[in-house]
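See the structures that follow.
Below, chain A partners chain B and then partners chain C, in two separate complexes.
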Partner chain A sequence: MNIFTADFFFSIIRIATPILFATLAAVIGEKGGVSNIGLEGIMMMSALFGSLGAYWTKSWLIGLLLAMAVGLLESLVMGFFAFNLKTNIILTGTAINMIGSGGCLFLVKVITGQASTTALITKSLQIPSISIPLIRDIPYIGKIISGHSVLTYIAFLLVWLTIVLLYKTPLGLNIRSVGENPNAASSVGVSVLKIQYITIGIGGILAGMGGAFMSMYYAMGWSQDMVAGRGFIALAAQSMGGGEPVGSMLAALIFGFASALGIKISATGVDSNLVAPIPYIVTIIALVIFALNEKRKEKQRHSSAALQK
Partner chain B sequence: MNKKNDVSGMSRKNSIKFSVIRALAALAIALAVAFILIFVSAEGANFSEKMSASLKALREMLVSPLFRKNGTFSVKSFTDVLAQMIPIMFTGLATCIMFSANQFNLGAEGGIMLGAFVTALVAVYWHIPGPMLIVVAIVMGALATGLMMLIPAVLKAKLGVSEMVNSLMLNYVIMYMINYLMNTYLADTSKGVTQTQPFQANAIMPQLVSNGSRLSWGFVIAIIMVILCWFFMYRTRWGYGIRMTGINQPFVMYSGMNVAMIIILCQVLGGILAGMGGGIEMLGRYSVYNWIQQPQYGWTGITVAILAGNNPIYVPLAAFFMAYLTKGCTLMSTNANVPSQLISIIQAVIFLFFAAHQFLAGYRQKLVVKSAQEELAQKEAAERSGEK
Partner chain C sequence: MKHATLIKMAALSAVAVAAMAMTAFADPYNVCYIVNGNLGDKSFFDSAESGLEQLENDGRISLNTIELGGTAQDQPKWLETLYEVSDSMEYDLIVCGTYQMPDYLKEVAEQYPDQKYLIFDDDTYAGEDANVVNIVYKQNDLGYIVGTFAACMTQDTNVERINEDKVIGFVGGYDSPVINDFMDGYISGAQAVDPDTKVDVRYTSDYVDTAKAKEYGISMVNDSKCDIIWGVAGNAGNGAAEAVLETDGGWFIGVDSDQELTLSEDLAAICLTSGLKNVGNSLVWFFDQWDAGEDLFGTKVSLGITEGGVGIVTDKNFDKYASDETKAAVQAAIDGVASGEIVVPSAFDEGGNEAAQALRDSVRP
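Then we have the complex of A and B:
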């Protein structure tokens, strides 16, 4: 059986998209010294409000914007606790995740009266896909690259924008300097608090887009536990990618590959419980390989420095 | 002698006063948030109807867990709440020890599931006579979970891989693996739902009360573990090392303690405690293993640890509070039609304010100033009496 069909690569990109959004949020966050483990919870809440917004207004665009706004709002709440009230950022994120899992169920019951899913998104409310002229006519490759949702293209565009933001703009310089050494940044007149809020806010908006993708394209509506650890996998992708946008994007694609492979395997009749943990196991293994590699590099640096002496 | 000031710069009396007021303020804010949400979700045509419905719901949440409709105290309800405390005391203790060393291992959730599963397997398949079976089953569950925690612990200590990400990933892996084993090999196929064969009769843990609360001797074990953990953390060298690692890791390293060992030790201990909790919960409350979803005790355990300020001795109090609140929210959802998941929002709000260093910082400043002034006044008085 040939598994490397165009469909297979297409599904890798589709699966990697929500992880990529959250990964970019993690990349920008870590650059600014903000470890946002609340991405999971933010995605969950945005997924819910994205689908509700689209349903209420009959417009996917407003749904998406609402999801982004909810993501921003939640990240600012996180920021308030973490930066102003000095709650440990990891605990802040854990609290946001609690709200993301239980709080969403509460809201769904209160708002829609349904139990644990909202099958609200119909074909017309789904985030539209784009078929790219010319590229779609290229054999094999066209089938892989063309026909994705608008958000997928935006996600990959955002990788480039993240590089520009971090390395080519004054704001990016400030974000990196606050992440590197907040005291030094503050001594040259950078408002650390403001930069931290901007950092976490951008992350919230990105995670919001990832959430919207989950409920308005990946699945038709919101369901319980639908984010299923993608926010956490994004943190792993960030650290595997060495904290750089392109590397982290590749890491996100590896998870897409692992999941897509899992789906292929389970189609052959293997118990889904055996396939479902693959992305999580891949995450652990990948983190180990990355850490071993870093250690080896460091050793080399040490020994070459010693040789030069 | 002046009363010694602690690190907070306050006298002991003022320090306790501040902690209590701060805790009450956090609870009050959480209840206010809860009330707003209840009000929004309450049924009613106009404001006063909504108000009375919300007050009824609030009563269900705050009073009903222990009191009957006519206001009398119910022993059965009380033992129910105590029984609910057992698993979250264990996950709370586990989290206390791991968080004390700044190891943000969130694996108590998977840990309690793994411990419960392994204990259940022993309870079904190993033929050991008498109550020894209970002991062996729980020890096996605890050991299995301790071994599992070696994965995030060793990877953190030796390679610096985030224990948080790894433990979260393991939570999912454990859940799916258990479900796979259940579906493929272990499930009792004569039943409509996924569950194991029943435990052997001598694996069922004896109960403390016979009113159907399922309050087993596990409660006593939990309390003993609380005391042991407190002793370990505050009266032994290793416990000191764990706490010091959380406060100032370089200090521990330069003073010659093995930091890597401490990082591994605290997570393995956390695993053992979580696994033990799972085993005790299984044999105390169930007669078959049937958890196919994460039981959420691990997450509640994190809240318990935060409420207890990572000090094992306060874990029972925090666990009682969370068990009470959980029961209150369940009652509220059955009797007043407010979704029980409100608990996770209340939990998150309490959690955020409890862990907030700067919450009521202005008030703390006032108390610190007051303590300093009192101390100066005392000194002055002492000097004056010395002159005489």
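Then we have the complex of A and C:
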């Protein structure tokens, strides 16, 4: 069987998309010194409200906007606890994740009377896919690049936007300075609290888009725990990519590649218990390689510094 | 005078006997149903609840349902609640179910030997405690009937979206005996229709990740040319339906409950039928036996087609798309399994899981 079909590469991009949204949220968060481990929970809540919004208004766009708004709101709540009330941000994130699982179930029951799965989204309410003229006609490549959901293209566009935000704008400079040294940033008149809220808020919106992708494109409607660890994989992808947008995007794609590979391999009848951990094993290996690489660089830096002395 | 008193006394005692009989009838079993998840799953928990509610409406039991939630954080409450309701001594029967409960139940059941318990869809410790009855379902029989249907359908190229290849699919949750029991029957049924039928089996290793199941489903349609996929992976199984819809690849078969009624419009339209596990019916059946004086505690009961423990949906899309030959074949399979003429292998037999895995490997496309 030929593994490397156009279909295979197409699926890598599809699998990587929701992770990429959350990864960018993690990248911006870490740059601003905000470790947002609640991305998973935010995605779940946004997934729920995205599909509900689309169902209520019969418009996927409003559903998407609602998902982003819910992501923003939830991240601001998290920020309020972490920054104003000074709770431990890791614990706050954990609480958000628990709300994402149990809280969604509660809300679904209260709002719709259904539970654990909602069958509300129809095909016409799904986030549409785009067939790109000209590109779609390129043999092989066209089949890989064209035909994805709108959000997929937005996700990859956002990688570039994140670079611009972090490195080309005053806000990005502030975010990075707050992340590097909040005291120094504060001493030159930067409002650390404001920047932290902005950082976590942007992350919330991004995770919200990831959640919307899950329930409004990947699956037709919300079901409980459907995000299934993608928010955590994003944290790994962020650190695997060295906290930089492009590197982290590649890490998300590596995870997508490993998942897609696992699915192709399963067709050959390899034990499913060996197939299931492939994405995670690849992630761990990549993390080790990254850590070793960093260590080597660190060593080089030290030795060159020593030489200069 | 004396005579009249005698008559009076006789009448009184008759009334008293009648009243006693009435109380015996009006004093229903006091049942506590512990849900180690949430109602609204449109599957096991709901099915059990509907059976118990039916019993309650018929005045046969009084019911107290306790929902505990199904996440890891909820798990400590399961054991605690089992202890609490057992300790209250209020209930004639405590009902719970699924593969996650046997360890907790065993611990509590041994502490309260006078309390009766019923656990459905699990037989981990069947027969070990005299106060526990295990109810399990012949999902292999169910699989056989669904497999017969799927194999007939994949040959019927007159039906839209059915391709030339005789390949059907199965998306399971885990490579575990209970899932493989479904699969064992499914493959056996399909092979009985046509030994050339190929079955593509994948496991999501997950019951919640719809997206992952969808990726598997897409690969099954595109790589193996499956045109019928049976999803047996909880909520995740619905991902297979989405894969079929997105690739326009054929048809989906649901599981546990009639999914044609619960899936969203577009998905329901491609859902041909569902293999049913009627937990509710099985509980009603159990009370029938109990009322008839049969003591099933301390045993394992396997319910199949005859007892209404399992079944297949035969109206709506099934009726619309299945040809008369297919319907006849499915009916023959139902009759054969019910009469015991057809003996379906089970993954729960000694060495059955290994045999099921070998069978799976022999029919891979």
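One rule holds for everything that comes next: the second predicted complex is superposed on the first by the 295 of 309 C-alpha atoms of A that agree within 3 Å, B and C clash if a C-alpha of one lies under 4 Å from a C-alpha of the other, contacts with A are read in each partner's own complex, and residues count from 1 in each chain.
Here is the rule we use: a contact is a pair of C-beta atoms (placed from the backbone, for glycine too) under 8 Å apart; a residue touches a chain by one contact, two chains touch by 3 or more.
Being a predicted model, the structure only gives us computed values, none of them experimental.
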After the match on chain A, would you call chain B and chain C a fit or a clash? clash
Looking at A:221 after the superposition, I want to know if it touches chain B, chain C, both of them or none. Which is it: first, second, both, neither? second
Counting only touches as set out at the top, which of chain B and chain C does A:103 meet: first, second, both, neither? first
Looking at the overlay, what does A:235 touch: chain B (first), chain C (second), both, or neither? first
Looking at the overlay, what does A:15 touch: chain B (first), chain C (second), both, or neither? second
Counting only touches as set out at the top, which of chain B and chain C does A:274 meet: first, second, both, neither? first
Considering only the touch criterion stated at the top, classify A:87 as touching first (chain B), second (chain C), both, or neither. first
For A:121, select first, second, both or neither according to whether it touches chain B, chain C, the two together, or no partner. second
Per the definitions at the top, what is the overlap between the chain A residues touching chain B and those touching chain C? 98, 101-102, 105, 109, 228, 271, 273, 276
Going by the contact rule set out above, which residues of chain C touch chain A in the complex? 37-42, 69, 71, 73-74, 174-175, 200, 202-203, 205-206, 208-212, 214-216, 218-220, 222-224, 235, 238-239, 242, 245, 262-267, 360-361, 364
Please name which positions on chain B make contact with chain A in the complex. 37, 40-41, 104, 106, 151, 155, 159-162, 164-166, 168-170, 172-173, 176-177, 179-180, 183-184, 299, 302-303, 306, 339, 341-345, 347-349, 351-353, 355-359
Chain B touches which residues of chain A in the complex? 37, 81, 84-88, 90-92, 94-96, 98-99, 101-103, 105-106, 109-110, 228-229, 232-233, 235-236, 239, 271, 273-274, 276-277, 280-281, 283-284, 287-288, 291-292, 295
In the complex, go through chain A and note every residue touching chain C. 1, 5, 7, 11, 14-15, 18, 98, 101-102, 105, 108-109, 113-117, 119-123, 214, 218-221, 223-226, 228, 259-260, 263-264, 266-267, 269, 271-273, 275-276
